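As structure tokens, here come the structures.
The same chain A turns up in both complexes below, where it pairs with chain B and then with chain C.
Let's look at the complex of A and B:
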């Protein structure tokens, strides 16, 4: 209070009077806060009371006053009103409020008498907070108790009401004896002072509004402004109810923070040319969504049923770790390579049993496995194609390149930019975009020294081809070597040698694009064209690497199948020997029980394929994260902190910070997805792994972009390339389903592992289901329907339909372009017409003016004549 | 056993190639500015600046500043490397001098006199150039070069002292009232303290121009950050490449002192 007084002392005489009143008001304000708290309770209890006309009038006045204030300080006021409403909607409506006012006016005189004893400020807040909880509990009780009392009370005179209130509060506070005294004190806050406070706040607000126009010295203005703002901030919340006040403060705090966050984010967006970077993250999120669904399908329909309802671990040979591996099956190194217990679990194909139904649900496990495998791919196709179609719609028709410079000129500045640095960044980015546009324009006109450029382009392509061939050969070499290692036995080799294939693939996939980027500077293409070339090259690289890998895998599959034949033969002889042995030794021929771990088994090639893919994904992920940490974070840290003691500017010059390579990252994502599609049939855990990977990389990369990357120097339009990426995804999807389909269709499944064991081909499961689970007529219909005589015409029809739709869409597009042209023409025609009309009008105006002038001249002449005449006449008269 | 297999090592080849190609200009610069210099120092026993002066002495026309500058350029681009301002950025300097025709010019860092000659030749009549050089041997050579170009003591005054000692004394020792033009090309770390010292000394008046070379490479980030924030200057950066080298980007900062508004 004393500080407030000192502040007031700074004011001039003019305000001395006012401030005095404020001081008292302020003192009262504290009291009133308490009072309000108390009154609200009462307000609640008096919900049922009727209203009196007089009070209604006063209430109306109140309202109008508040409305006026609202127009002044809308935002803050709205907060307040909201709170009030929130409180009023506690089932009580406006009546309760009116009654409070009622009560207040009645009590005014008595209150003043008691003012002296109420100056106890300490412990109020504490009490308020402790009471809050109790209040709620009491609420119900109060309502019941209070109502009866209130009805009585209303009929009493002023004095009586005055004393009845403490009674109610006392009754309410049976349990809280220590609070009693304070409650009495709380009662004593005057409503009149509340009114005063409200008025004061309004006054202050008015003052703030009109401060600019006041003829005071600047310093005084500032002081007054600060003072009044403080006052308003302090008591505006107080005018809300006790609970509302805290809420109000909290709300204000949160809004401020939220605003700041938004502003920061905006700044970041403009600073980082987020348009391109964000497109990557949007793509990542979209991918994450797809993977979630794939994960849901495989997890819910394959892994969980097998784990819950299938036969448990250790019940069959295929579900048990072989005796030879048992010792090391739980080692971390083995588990990390997805061997040991990880290999013999639901994560891989080999674990699944070929029994037709599992559990009490009679769940068709093999069928489900097959359908999920097909369904995931079908779903992916559907989603990708649908997205492509939607993007194609969005991209619109016709050329968007007309009036390019005008667009840039008039629409590029962002008027919401709030700080200088962002403005600088925005300025730079606009400049770059202009440069790019000018470059584009020049590019379309110039053709100088075409021979040198051509030579350089051919040279660059040659170099890139060399690089591709080299990387392909390296991978082939490595895979071959790994086969040799596998024949030798993996245990004899180091970790590096065992993981050579994955490492080399990841490293090449990471470094070769950089080399391409450097080479592409030779070609001197326009940035956008250069980007497309770059994407094409990376695509070729990744695809080449992937297919080399797959070809090597095919070789390995063939090897395994040969091995399998031998094992199969051996097993029959083994079983025979076992049988013979038992027969010879035991004439009773009791069934021999052999532990499943000891049963010899074939090399399950499907599990091997799944493992390879899982390892590839893991190593790919690891490489990505490690490069992120070393290449981006460590570099950023070094550059940032070595810059204090280095002989040149590290940040601007040589190492600099790394750029976020959108295209490379998107391609990496696409190929990663391709691997998932390829491998998920043989390793149902792949979508789950991918979901985790995407989730982590979303946040990790986001962090890296925020803290240790700089915006790309080359700014190009990325909007057009969206569908380009989608098309790539489609191609990859197709190319990755090819090998999977090939293996499913052409290679017979392993005889002793997986859900299709014992069948000639994997898709026989459909046949089996049709025969045994559907009525015979259905299978008949199906066999008719699958007759080539029916299928071929159907396909033909589909092709025709596609052709028809495409041609119509083409014609529509043409029509659209025509219409656009027409509109433009019309516009120009209108302009010309208007111009002509304007010219004509001008001419007319000119003519009119000329005639008018002439007329005037004539008139003047006549007037002069007249005047001279009159003069003459006057003169004549005079004379 | 961390024996990396040769195949994995081969996979790093693209990275190596990328780095070499991307930063080739820096490697070339390193070769020319450091390796050749060390080699020649050992062979001839002379300092780099002395070698440059010998070349100029034998190849240039005395009394002709243009010829001396051209000879310097030839030596720096063909024979060895000295970080003079160079012909391209020199043109910007010339233009600024021609536009403003300053009467009192301060040069920080004369090195071997190239930029001093360059400034002195485009000064108006009656103007005076104070050139500060810290190193004794360089200053001796700079003196010789300046005299060779035909500028006498009235036009160019060479002060052999560190800049941070000279600047506070300029007003008292040399009776300077105001500097019209300041050219900075000494230690990049000293740009900021010297600028602040100039501000403090009160020698800068409204419209005084300060030109700082090599603000992007080797670079003076603190200096740039300061002028961006101080609000005392109107400033712009002339982008160019590093002297006698094509691929390394560099810039000169031109500051026009506005004073406190």
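Let's look at the complex of A and C:
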């Protein structure tokens, strides 16, 4: 604000001048428009509008120029004259109707003029704000004015585009006057004319909107803009009536502000981006957005209500740390493993109470929990599928490879490159890519030993399968072992033994891709295809690992459920003994109060699942960051500084700098997201953790890329625009919701923890709500709707719709090809036609010339006969 | 900040905002950068021109192989010397900005690649384009057979009406399918 003020102060002189000219111009413009409108009314059509506009602009300019030269009084006098002129010319057709109005406008016009005169009297520099009666010094005044104007501008967006005068109060008056006049006039417009006017205004608005998308020079754009803006603002405010007008103005203001906000937000969103890896960061940002919404859902609808309105910590067994764990519940090691106090908090499923409503809001907690779980998945599906559909639209009809060369040619240069080193690299990579592409093109025509390649490819796939199976078995083995450790008690084991599962998974995720990379050199695929294979394999590896993990978890769940049965039995006997004991000792005493920490409780398998996922995420994050620090940063530091005293060139030779592996990172992100989707039902804190993780990795990786990575040789785009990754995400989404849904539907919830405790199945909460919160007819309707007789036809209908859409898209594709062919044919025909026409024209020309020459020859003397004859023969030869 | 820091009036600023894809800050920054390039006595003139030689020393353009073409395309100078006024400069930045549409970007890209300004990309244009992209050094240059192969491949792909040249609509057709053109056709001050 202060800088703006300074600038204003600095510019005031220039502005003064400008504003003066501008004001006269504007007033002129107004008059011009009046005239124009009158003319239009006379004609009743919009036919010559463009012409008129042009004329108007040129006239306006001329007039304003003239005006500047003349004195103020003269100007005003002339203005009056002109006004009358305008009215005279305009009023021919409908004079009777307009007399009253003319009177009125004239009066207002005079008022305006008087105002101007007043201002002029006050001195040249003191324009405006006369009504406020400010008596300050010039400099200060201008500053204040500048600020006031700015405030005003914020309030009156209309004014911003239109006025430049440092007027404040006067401005408003002017505007109101204008509007009044418009209203008066508009009342005498017929509805058709109004319609036409509206159309014209809309057209202008569209023009303004699209102006910046026009490849014109700025001058042309400026002229058009000014013209159209004046036009629009003249009429659009007037089109509404009475109060509606104000509302309209407000609406316009708000939409403009909203658009500006959106633009700023867009700019904010695309903050920093490094070109070759930008696609990864775009993807990361996209994921971040999704996770923010998931986080908002779980945080706002589940965690906060439970924490604020649910029963407080320590009020019941499920919300208290058991007596045995109390001593170590606050230890960092325990908290790091999400045990102790972390386990008995809103972060995990087990903490939630099964009371139907919480707090004075009567918030349906279990229902909310269930619906948020479903909503999370539904929202994710929606977003992913919508993005995929949009990408499919953008990329047009399929065939990705059709413009391979042209893309290399037209889009490979990166205009953001700003330093010479990167530019050189880019030159080199473009050259090699050209050469490679040419070579490939040549090679694709001849085929070499196909049996050998086939054999190698089969071998490679076999090796990869072995790897996958091995890693799967390793994980299964490790998980089983960890269960054994858990039975023994975790305290008796080392750190490695406790964290074995997560570490093994992370390490496998790190080293197997390298192995795959080595194996894939056997196959001799085209790099793009090879990369897709590679990604597919890593995908399979991760998926295999994840599923072995889940299967092992299922085993554990079953174990816990067996344990639960025993505990349940024990509890009943324990309660009975307690009851018996009290009865036998003292029958009149109040029931014994037992501290909730002492109550025996079942193993809450849901919390256990949630904890496993949270631990997995944490260890995964840690491995990512540590590899980043060691693998990238440390390596870069060593390479750079040891290079001075080493026997070979470290930077160009063996270790060199690490590349930023876009595809691998994207895959990691996708899997991370899969785990979030899978685990978030049992650990509502997962989206929050993921948001933090993504946020940190955004900046950390950004930093790493900037300071210690070199751009990748082959780049595989990974932004939201690539449906390959989106398809992976969709598959992961499906596969990760599958186990979650399976557990929700088929396993009864624990009896003493979580929002669904005491129910037979988790989704019973829906039935309960339907029965108790909705009128009976609703549940009836629901039961009818869910009956298979209705559901099956519905599914059938959907399948049919899909089939129909598929076939239409196919036919469109065919039509596309057909059209392409047609275009080609037409072009050829055109060319032929053109050629024929050109030939004919040439012949005609020759004929004409010949006849002319003949005439000439007849007229001229015989001396020139020879010459013309030779010329003729020449022409004939040419022909 | 002195009086020379910025001389953009509020009115023209908002007009520029309306007409370009740039934000207020970006326009102000552009103005600042532009006035830095001007001579002292030119700073007060509204349509002072900065010669091409100076524009291409901007670090954002310095290592761009198309820097001269860019200047020529955006210049409204009558002498065709590639010099830019501030408004031309804004046009340039707007076309290369983040939020510019694909259409406008591809239009200007086409004009940049159209070295002889004849409205189509013919073989000579494409050859020059390839040479620009492969850098100045001799060893990086493609051999003439490679060049021929490359150009024929390109024409085969994108010359839909088979007239031996790539025209604007064909070019836009190709570009619009490219996944990364919009993200790479960008210059940010």
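The rule is simple: the second predicted complex is superposed on the first by the 513 of 879 C-alpha atoms of A that agree within 3 Å, B and C clash if a C-alpha of one lies under 4 Å from a C-alpha of the other, contacts with A are read in each partner's own complex, and residues count from 1 in each chain.
Note that a residue touches a chain if its C-beta (ideal position, glycine included) is under 8 Å from a C-beta of that chain, and two chains touch if they have at least 3 such contacts.
From a predicted model like this one, the values you see are computed outputs, not experimental measurements.
By the touch criterion defined above, A:742 lies against neither chain B nor chain C after alignment on the C-alpha atoms of chain A.
Note on chain A: of its two partners chain C and chain B, the one contacting more of its residues is C.
In the superposed model, A:511 lies in contact with chain B only, and not with chain C. Applying the stated contact rule after C-alpha superposition, one finds that A:812 touches neither chain B nor chain C. Once the two complexes are overlaid on the shared chain, A:648 sits against chain B while remaining clear of chain C. Legend: residue contacts after superposition of the two complexes on their common chain; A:474 is shown touching chain B, with no touch to chain C. Legend: residue contacts after superposition of the two complexes on their common chain; A:226 is shown touching chain C, with no touch to chain B.
When the two complexes are overlaid on their common chain A, residue A:500 makes contact with chain B while staying clear of chain C.
Chain A uses no single residue to touch chain B in one structure and chain C in the other.
Listed in rising order, the residues of chain C touching chain A in the complex are 1-3, 5-7, 9-11, 14-15, 18-21, 23, 59-60, 62-66, 76, 87-88, 90-91, 94-96, 98-101, 103-104, 107-109, 111, 113, 126, 129-130, 133-135, 137, 140, 142, 146, 149-150, 153-154, 157-158, 160-163, 171, 174-181, 183-188.
Considering their complex, residues 1-5, 7-8, 10-15, 17-18, 21-23, 26, 188, 216-221, 248 of chain B touch chain A. Residue ranges on chain A touching chain B, taken from their complex, read 467, 471, 474, 477-478, 481, 494, 496-497, 500, 503-504, 507-508, 511-512, 514-515, 517-519, 643, 647-649, 651-654.
On chain A, the positions that touch chain C within their shared complex are 3, 6-8, 10-11, 14-15, 18, 22, 149-150, 153, 160-161, 163-164, 208, 211-215, 217-219, 221-222, 225-226, 263-264, 266-267, 270, 273, 275, 278-279, 282, 395-396, 402-407, 409-420, 422-424, 427-428, 430-431, 434-435, 437-438, 441-442, 717, 719, 721-722, 820, 823-824, 827-828, 831.
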